[in-house]
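Order of writing sets the labels: A, B, C, D, E, F, G and H. Residues in every chain begin at 1.
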Amino acid sequence: MFLEIRLHGRGGQGVVTASEMLAEAAILEGYHGQSIPYFGAERRGAPVVASARISDKPIRRHGQVYTPDTICVFDTMFVLRKDVREGLKEGGTAIVNHKKFPKIDKFRVYVVDATKIAVENGLMVAGWAVVNTAMVGATAKVLGIISKEVLESVVRRRWRGELGDRNLRATLRAFEEVRG
Amino acid sequence: MFLEIRLHGRGGQGVVTASEMLAEAAILEGYHGQSIPYFGAERRGAPVVASARISDKPIRRHGQVYTPDTICVFDTMFVLRKDVREGLKEGGTAIVNHKKFPKIDKFRVYVVDATKIAVENGLMVAGWAVVNTAMVGATAKVLGIISKEVLESVVRRRWRGELGDRNLRATLRAFEEVRG
Amino acid sequence: MSSVLTIKDLTEEEFTLPGNAACPGCAAALSLRIALKVLGPKTIMIVPASCISVIQGYYPKTPCRVPVLNVAFASTAAAGSGAVAALELKGKSGVKVLCWAGDGGTADIGLQALSGAAERNENMIYVCYDNEAYMNTGTQRSGATPRAAFTTTTVTGKLERKKSVPEIMIAHRIPYVATACAAFPLDFASKLKRAESMPVRGLKYIHLLSPCPPGWRFPAEKTVEVGKLAVMTGMWILYEWYDGGYNLTGPSKALLEKSRRRPLKDYLSIQGRFGHLKEEDLESLQRDVDEHWEEFSKKLGIRA
Amino acid sequence: MSSVLTIKDLTEEEFTLPGNAACPGCAAALSLRIALKVLGPKTIMIVPASCISVIQGYYPKTPCRVPVLNVAFASTAAAGSGAVAALELKGKSGVKVLCWAGDGGTADIGLQALSGAAERNENMIYVCYDNEAYMNTGTQRSGATPRAAFTTTTVTGKLERKKSVPEIMIAHRIPYVATACAAFPLDFASKLKRAESMPVRGLKYIHLLSPCPPGWRFPAEKTVEVGKLAVMTGMWILYEWYDGGYNLTGPSKALLEKSRRRPLKDYLSIQGRFGHLKEEDLESLQRDVDEHWEEFSKKLGIRA
Amino acid sequence: MKSILSKPSEGASGLTGMWRIKRPIMDTDKCNMCMLCWLYCPEGTITKRAGGKPRIVYEYCKGCGICAEVCPSKAIIMLRREKGAVDR
Amino acid sequence: MKSILSKPSEGASGLTGMWRIKRPIMDTDKCNMCMLCWLYCPEGTITKRAGGKPRIVYEYCKGCGICAEVCPSKAIIMLRREKGAVDR
Amino acid sequence: MTGNHAVAYGVRDASAEVVAAYPITPQTQIVEKLAEFVEKGEMRGRYIRVESEHSAMAACIAAEACGARSFTATSSHGLLYMSEMIFWAGLGSFPVTMAVVTRTLAPPWSIWNEHTDILSQRDAGWVIMMCESAQEAYDTAIQAFRIAEDERLVQPVMYGLDAFSVSHTAEEVDLLEKKDVEGYLPPLEPSRLRVYMDPENPGTFGNLVGPDRMMEIRHSIKEAFDRARVVIKDAVRDYEKISGRRQVGLIEEYRCSDAEVVMITTGASSGDAKDAADYLRDEGVRAGLVRLRVIRPLPREEISDAVKGAKVVAVVDRDYSFGYGGILAGELEGYIGKKMCRFVAGLGGRDLTPEDFKGIAMKALEMGEKGDVSKEIWWGLKG
Amino acid sequence: MTGNHAVAYGVRDASAEVVAAYPITPQTQIVEKLAEFVEKGEMRGRYIRVESEHSAMAACIAAEACGARSFTATSSHGLLYMSEMIFWAGLGSFPVTMAVVTRTLAPPWSIWNEHTDILSQRDAGWVIMMCESAQEAYDTAIQAFRIAEDERLVQPVMYGLDAFSVSHTAEEVDLLEKKDVEGYLPPLEPSRLRVYMDPENPGTFGNLVGPDRMMEIRHSIKEAFDRARVVIKDAVRDYEKISGRRQVGLIEEYRCSDAEVVMITTGASSGDAKDAADYLRDEGVRAGLVRLRVIRPLPREEISDAVKGAKVVAVVDRDYSFGYGGILAGELEGYIGKKMCRFVAGLGGRDLTPEDFKGIAMKALEMGEKGDVSKEIWWGLKG
């Protein structure tokens, strides 16, 4: 197995953290995992990209992901942008933070209302919905190789106490609610 | 012709200037000339060495002089030091600032009372007799290839006005008074 | 020498074009926009590594409508000196040199070049926009970070006091030193104008407090409020120094008396970087402010 | 805090051995000799490129009986910081760190490291021996060269004023700042003692005027006289600053009144570096001194 | 010989209006033309209309909300994008 | 493993007495033991004798003349080397 | 864990005593983490928040001189700004260790990967290593202290992490037990130093040396470097024991022995090149790889041995020296000879993928077949 | 006139407009003389008495950006302290010129000759030249501006003077007429620049460049360097016209064509080596010499052509890169091949004389005969 995932969001949404969580979760599941941020001038609200790889063999390469199997779109606004879909393999998967979303023939599209989940769990920073944990939950479900237990431990490592609770709730709810 | 001269004196006596004057005078006489200071921590009173080369062919080498044909000893105190005479060729020439000086079999020794000449011409800096121009005059005479006219112009280039007069007087007097 | 500019005095022309890469609510971007309105197009900007170098976005585009020379982090004032020399030599004395550097690039790694230029009294304007940390690299402490503030290299709060570059510049006895705050753009504009139009040649230095939403951890829309509170609590004093003496300016004029100052807590509590402070820390910081004013008020007496 | 040491307080033990490479009559060598008598053998010296690095003569010998770490020109106070950290960590807090740098290595190329160490308030003593030019390289101007002095890079006299590092250090609000003069070794020794024995941790800075016979162009035996005249004419003021306030010390205490000061000319005229000055230059420099005292006397009032 | 200078242009960092999460909406009727919003807008995305009233350039407005904060007449409100007008 | 430290020794720069052009001569009778000469000698070439009187170490004395200048009792005079005692 | 954090953990586990550092993208995570370790008491050391990189290295040097194990980290312009002190550490034999997150030099500003920065310091008397992954970054952080402080060497060690692709990429990292590391490293004793500031036994470091003695002092460093190979090999061997993981010594040979085309790389993209070699072999091309883990001392013989059997060798430089060429190619030229193709690739942060390396290997084979390898190829250059 | 003064006169005669410099032994005479020229009105330029070398180069760069011809000079530690800005000038294509008086790097302190300092900057995007004599120092000071500002190149130029043996040695120097120099150099117009700060036509220099564009910007500098050979040759040819004196281009070949042993040297001691070659020929040994006047761009082909006929080649490095070897030998290895002997000589100011070069040549012949040239020889090393 060799899976390449690319995550698209905006500064403040926790895109890089999400890709790290996915890689970490895969590792805990016994796979090899890697998370690669693309680093630019990171401003709140500005486009951000990160990638992750999951494999059953050690991952040696270190470049960005150019032909993802899966893309994860944190922000509805971006869905229609060409660069977001660029390189996505035919038959690949798109997981989109949205209420509902048109089917696209070439890809399998999953949607999850991560913003709502984040808002309802109080995951807001300076007016921003921090949707990363929800998106991780949804992606984990779609990938099908990450268990809820592992998700929990990945969340708990990062956020202690009550904040951890809320993030965990968001993660698991998205895990449940994502639909394709 | 290829002549190598090494000058020994102390900080404040103008040793480097003297070697430059000799090289310059040789050039004005139609030879090629070169002056090479040895640069250390130059302190008033501390030992100083410089060298000069005079040749009828262009001088290409740039090292110090290790086997001089002629040494010029600005300071009586140094005369007996081994390092001052080191490398002086057999039959070489020593020009010494001294009232009189014992003959040494292996070398031709010339003396000139440069200190007296400097003092009498008021060439004093902070209690120091600046004997360089006198030593240049004496050396020029001994070398036998530098004329008084050239000496004058070499002195005048360096010191204007009355100071030039005094230096010139010292140079020419040493030119006359040096004896071997 | 106390003419204050009004909104009407500022040209409508923009010299930093919209669509740059500053964070939303960036006071540094705001201040630069104002500064260039005051100085106009005949200005060459020298910019070291900092948020302002990133704000310019990617080659081959730039938002800046004046020439900008980006330079190495430590070299701002030295590059300014070279530019001044060249312009004077070429007879272009109408062109101003504006060095625009962050607090890290001024108080820390650029201080030496600045001090050298100050000693040589180079004829230029130097603005330090002070967001009190290395923001471009993600909020590490700088010499100008205030005591107790959280940064990523002082996770339990900075132990040392803020280095005062304006006071250091005053010790250099250059013709003009002033402080300003991005929340009072007209005060800042007036000082720039004064610096620009001074008859004496030499280095004019303005130290501009520049609130930073992500670095100080407050919402973008609070930039002006936070800046105003910095002044109204007395944490940041607005003043000018020239001809050997100090002047308070703007709202700071009214704050000599302690009772007129807002409690420091008002300023600290709306910023995440002070979120870890306990009551006694707040009190200790309040004492710092009070002492600082006391010391400062004595200096106000001195005008040669 | 005003105990003054006497000759008897100085140990007979020498920590700089005779036969070093200083010029005859060097005030820097004299002062270092005195300093190590005060601080004693448990001192690690940090020395940048300067006359003092040359004075040590050639490997494998050294005149210094305390450990000496020669460091790059710009790095004195930073190296000092590293030494302090290591010593504290190793539990050797009894060992003092003494940074000993020239004016070039302090006011110019070493200023940034010094300012950084001051802001971090590193626990060490920093002495700048100020011979008012780059002497080791043959008398080029430094930031600390006084106005009008001849150097090989200001052959018609320096145009700018002397940069005041002590005032810059005061602007950093470190625990102790003092000036001293090599011609008053006991005043210097007392200040070092004070710096060493202060209860507060932090950077103690002493700026020591250090006459230089070849660089200032006077005969070697006049070193002490020249130094004394610097103080007696008021060209150089002996003071301390701590706890937020200034103290005059030694002969400077008596010189607040202008009439008590010797005419500046007495100081200038015995030095070749001022030999080119005309009468009006002397007057203008005298005015500088008078103004400086006036300004300074106002500061004396301020003790927090 | 090739110049390697970047040239001034709007949107040097793209259509920064895309970064916005809240949208400033100006009620021109409430506006007293004090121009404080113009003065304080970090982006320079408030311009003057012919009539002298301010106008927001949405292509680049990052939605920081400063204009709304400084407006003395509360003529500007910030709308969450989700609920507000459709973005370009 | 080799230390590359220089070791303290007198005469690290040679017999610096050789640099001298004038020689300080002390008249111990005139000396009042104030030790100012000792205090001010840059070289540390004035030491205390058993009796408490100062003594000059000529091997290294550079002849700067400071001791003579600072001596309040004029107990030290500087002799031109040429006319004075023979140097070691 | 990212490569940057791996370094910070390695430095912590090696009980570094003095850390002096200045932030610069993409190194900041290293020093932020270390500052946190120190502030939270997870590390006994001191963290000096210096005002520049020049001061960072100066502080480390002085700390070493006073007997403390010291560390710093920087990148690109920080590295150049401290260059004087880098030479000071190297020529003065201060066993500082330093992580260098390799980044493109300005102007114009760029924060992305390139190796020119670390290579620009290759004359400074430091051992230079490069890390391929976060795991190797951790391992190297620890090994660096062992190598630097080995009594046979006593020289500083720097190691490169490719910007972002190692520094910020999160990967699996096995950490060691603190006590294993303690046993592995020399004791924290000043005796390991050539320069030690000891008031009980005072000496002066660094005063003038005349032309009569200097060359011998330099030669003693050369001799230390002659021993560096063995020192590194020993350090790697002993590390294998405590970690139970295979380690690479001076060079890593990957499917080299029978390869017709061998690529020579260093750093992060070596992994991409290995993948490429596998792909090529799947396609019937016998490709292999030599990765330089160590750049100083330059493992010339090891490399020339490793590539002996190849028809053609492709040196891939992610660095450039104008008027000279790719630096590694230039340095290896004499040892590889007429079959060496020079590729310059991945400058200014341009990414390199397995596809790129496939292309490079094929191009090299093609050039080798045509018999002309003289042209330097800028791989991936746009119109 | 000394080599240092020769440089100062050259800079004056070339009408440099902004000089920014910081003193360091043995460079001081250059800047003292220039300060004097400016103060006494013998030169129209400005002299900025900066507080460090980093600032010196920064000031020169900004002056160039504002259209002024600029110059600085330094040595050893000054060079390292400005290293960041040296790269800035090179990578930013600012045609500054700089004299470097080559001096041994500390620690321990040494003020004497060695070439490691100037070579340590060889990746910075500068043309690098070395002067053999005071005359060549003067000539190079002028030619450097021409080369730097040539529209086909527009890159900075640095040139080395050996400490003391060129810098302080007084020799005969012919000066040119000011007007000849004016005709020779490009006009003092901003148009010659790639970066010009013009309020009438504003642009931004140096803002971020992403991975998508950076490599192409670097490549444009590589292309400029590809043209540098021709630019230098043209500059030399035209200079011969105005000076009426023979000039050396990239390399000087001395009695090379029939030589059995060829020495490769650079800088001051090349003259000693020429004398040695003559002596050896008197003794029946066919010795010759290649002197590198230019080190960047590295004249590889020229050298390999020049030594084609030789039995053995002795590269004499007055520099050292630990863990690598003599730098010139390392760089030329691939172009000289198996007959190259590597000598490291004259480090730390150790003098080199014709006797030394005779010895070196003979040793090389001996090694060549024995068929083993692999050992690096540290010439003149004591006990």
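To be clear about the criterion, contacts are C-beta pairs under 8 Å (C-beta built on N, C-alpha and C of every residue); 3 or more make two chains touch, one makes a residue touch a chain.
Not measured: the values here are computed from a predicted model.
**Student:** When you check each chain against chain B and chain F, which touch both of them?
**Tutor:** The common neighbours are D.
**Student:** Per the definition at the top, count C-beta pairs in contact and tell me whether E-H or C-E has more.
**Tutor:** Between the chain pairs E-H and C-E, C-E carries more contacts.
**Student:** Indicate the whole-number Å distance between the mean C-alpha point of chain D and the mean C-alpha point of chain H.
**Tutor:** For chain D versus chain H, the centre distance works out to 40 Å.
**Student:** Measuring from the mean C-alpha position of chain B to the mean C-alpha position of chain C, what distance in angstrom results?
**Tutor:** Averaging C-alpha atoms per chain gives centres 62 Å apart.
**Student:** Let me have the rounded angstrom distance from the C-alpha centre of chain F over to the C-alpha centre of chain H, please.
**Tutor:** 48
**Student:** Where does chain H touch two or more other chains at once, residue-wise?
**Tutor:** Counting only residues that touch two or more other chains, chain H contributes 25, 49, 51-52, 54, 77, 81, 84, 88, 92, 106-109, 111-112, 195, 202-210, 213, 217, 351.
**Student:** Please list all residues of chain C that touch 2 or more other chains.
**Tutor:** Counting only residues that touch two or more other chains, chain C contributes 21-24, 53-54, 56-60, 62, 64-65, 70, 72, 74, 108-109, 111-112, 115-116, 119-120, 143, 213, 219-220.
**Student:** Which residues does chain F have that touch at least 2 chains other than itself?
**Tutor:** Counting only residues that touch two or more other chains, chain F contributes 4, 6-8, 13, 16, 19-20, 62-63.
**Student:** If you go through all the chains, which pairs of them touch?
**Tutor:** After working through each pair, the chains in contact turn out to be A-C, A-E, A-G, B-D, B-F, B-H, C-D, C-E, C-G, C-H, D-F, D-G, D-H, E-H, F-G, G-H.
**Student:** Under the stated contact criterion, what part of chain E meets chain C in this complex?
**Tutor:** For chain E paired with chain C, touching residues are 4, 6-16, 19-20, 34-36, 38-45, 47-48, 57, 59-66, 68-70, 78.
**Student:** What residues on chain C touch chain E, complex-wise?
**Tutor:** Against chain E, the touching part of chain C is residues 7, 10, 12, 14, 16-27, 29-30, 33-34, 56-65, 185-186, 213, 219-225.
**Student:** Could you please specify the touching residues of chain D with respect to chain G in the complex?
**Tutor:** It is residues 41-44, 46, 53-54, 56-60, 62, 64-72, 74-75, 77-83, 85-90, 92, 95, 112-113, 115-116, 119-120 of chain D that touch chain G.
**Student:** Using the touch definition from the top, list the residues of chain H that touch chain D in their complex.
**Tutor:** Checking each residue of chain H against chain D gives 22-25, 28, 31-32, 35-36, 39-40, 47, 49, 51-52, 77, 81, 106-109.
**Student:** So in the complex, the part of chain H that touches chain B is made up of which residues?
**Tutor:** 25-26, 111-112, 132-133, 162, 164-166, 168-172, 268-272, 274-275, 351-354
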